[in-house]
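Read through the structures below before going on.
Next come two complexes built around chain A: one with chain B, the other with chain C.
Right, the complex of A and B next:
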């Protein structure tokens, strides 16, 4: 090819040379490809769902399975929450000396001051009444109720606070 | 009667490997040639072309029927080639090899002339080399070149034209400095 040849002819020659430069695959190319193939092509996502779906049109089988899984998950979650709150709670023993009382109960902010919910056991030989309650950490106020009539504060409490009705609520910090 | 590519794809999707084997036989030369032009050596070309077919087999579910199967596999091959070069930076080595060739001062035999074309192709940037190979080695139309590379027809035409111009320049330099004729 001469240096001053028109560019069109030059390019034609280049294209011809390019075509002649084609290479061929190795003789064992096919067998090497086939050795590497998995048994089947990868399924699409819709095909994967179909594989898991019952073939006899019992559509409710996976639905029921899903519902059962949801229920189990819910129960597990509730159990976990209960376990969790039980683990977080603190056992507190309340003690009141009232040798002459017929009954002693406990009421406080932890049970909205409801009467008749926490009864103390006693009296023991020393005249003490006791009850053990699980409470989560927090700030509480409470009183004992003797014979269903007389509100008595806990003299063993670390602090007290006037309740505005003439009583001194016992303070409990957990 | 010979089955079409699409019929073979359908059979292969159902797990008939012999159908896919027929597809490999039909198109291995085109895919391998493209891989060789991308990689610049037979070892990497074999790996690239094999990977392209294996990936095509695995992803047969994604194959679109309006696309020629050969072009689809070449498209996969081209994408894999780009990833290979990004990680290995082999094009720079190919360019250095070509520059070494230009320093030869005596006429070269036919095999070396062909090596000159091979190396000149490798000297082209990838964006021009693949369109040139697809158009002038594999005989694809500009529409098919554009489809394989996911570019427009006019862009495909422009890249092929620029690729040929650049190759002409490279080979002329090779002729003058190396002392052999291009044609």
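Right, the complex of A and C next:
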């Protein structure tokens, strides 16, 4: 009685039949299938980013990390710029003796010869006018302007050069 | 009646056309400058200051001409523009300013040529070389220094040229200045050290010391053999805070 056959024998029989009925695929079967398949589209940038992006709801992790890095970078560069410019600049005190002057100002190549930018304070009891300016190292020409009219050179400057207009610009090297 | 009306109309037309022509000339000045390569940030302040100084458009064009020429030739025109700015602030007559600008242009042309042939085409070096030539440094000295400065940092070369100019303006002999400039380059001195060399040399020159003695006192026995490193200068106590004091 087939019904009374143990189930293991039935399974073996089925497996045997299946194995016997197996058809061997031709040698170029795989390559033909692959040829017929459509090309996989190139992933877009957003898809590429999504690969690296956390899949669950932890989107804020890279955002916070990026923001923290940007803030640190900004603060760092700000401090670096401040400290380097402070280190590079040299404090220079300009003095001119003009007891009778109403105003004395300083103009030079360091401020593009602009008038009214550096005003000297004074006169003190000895008739001196002074101003302290912070300048980066360099080679500068300058003159004092007395009462907004008279250009006066600095007699104690390192050197003087003719300005081509009849004055002798004072030279400052820092 | 008709004649009077015609005269009045002619007068009105003349009154209107003068400012129009005037404005048109100034527009031409700006347009030419921008066409030559100057930016509107450079041109507009110039036009404004030149008008304030009372220059005519024609005079302004003459003042600007060397800078435009330099731009067209691809030369760095900053030194000429600086001279223009200086002249305008000092309220120099237009003819005098134009002459000064032409003079600077000639020196700029020579300085650029020297800098290019000696392989130092930096803008800063050309600027300081232009001023040095203007102050009376010879082309031979400049050429010698620029040739020696091959492969060195432009900032260092610029400092040495400026130092040479200052020493010459102090009345030092050009041969001594040239040798000291080359000493500074060979000893690879930093800007601050070059500056100390200038101050010391000028001070000694004023006290009557000649160039050779100044060198001897600066470098000791090493002189200019290229082996020294400016140790004496580095150990010196120079670099005092500079204070300018009037008469």
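The criterion applied here is as follows: the second predicted complex is superposed on the first by the 112 of 174 C-alpha atoms of A that agree within 3 Å, B and C clash if a C-alpha of one lies under 4 Å from a C-alpha of the other, contacts with A are read in each partner's own complex, and residues count from 1 in each chain.
Everything that follows uses one rule, which is that contacts are C-beta pairs under 8 Å (C-beta built on N, C-alpha and C of every residue); 3 or more make two chains touch, one makes a residue touch a chain.
Everything numeric in this text was worked out from a predicted model, so none of it was measured.
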First (chain B), second (chain C), both or neither touched by A:139: second
Chain B versus chain C as contact partner of A:16, first or second or both or neither: first
Contacts of A:116 with chain B and chain C, given as first, second, both or neither: neither
Partner chain(s) touched by A:32 [first = chain B, second = chain C, both, neither]: first
Which superposed partner A:160 touches (first chain B, second chain C, both, neither): second
Partner chain in contact with A:76 - chain B first, chain C second, else both or neither: neither
Chain A-touching residues of chain B, taken from the complex the two chains share: 12-13, 15, 17, 20-21, 24-25, 28-29, 31-33, 36, 42, 45-46, 49-50, 53-54, 57-62, 114, 117-118, 121, 132-133, 136-137, 164-165, 167-168, 171-172, 175-176, 181-183
Chain A residues within the chain C interface of the complex: 91-98, 107, 109, 112-115, 128-129, 137, 139, 144, 151-152, 154-161, 163-165, 167, 170-174
In the complex with chain B, residue positions of chain A that touch it: 1, 3, 7, 10-11, 13-26, 29-30, 32-34, 36-44, 47
Of chain C, residues touching chain A in the complex: 82-83, 85-87, 89-90, 92, 96-97, 99-100, 103-104, 128, 131, 134-135, 158-159, 162-163, 165-167, 169-170, 191-192, 195, 198-199, 202, 241-247
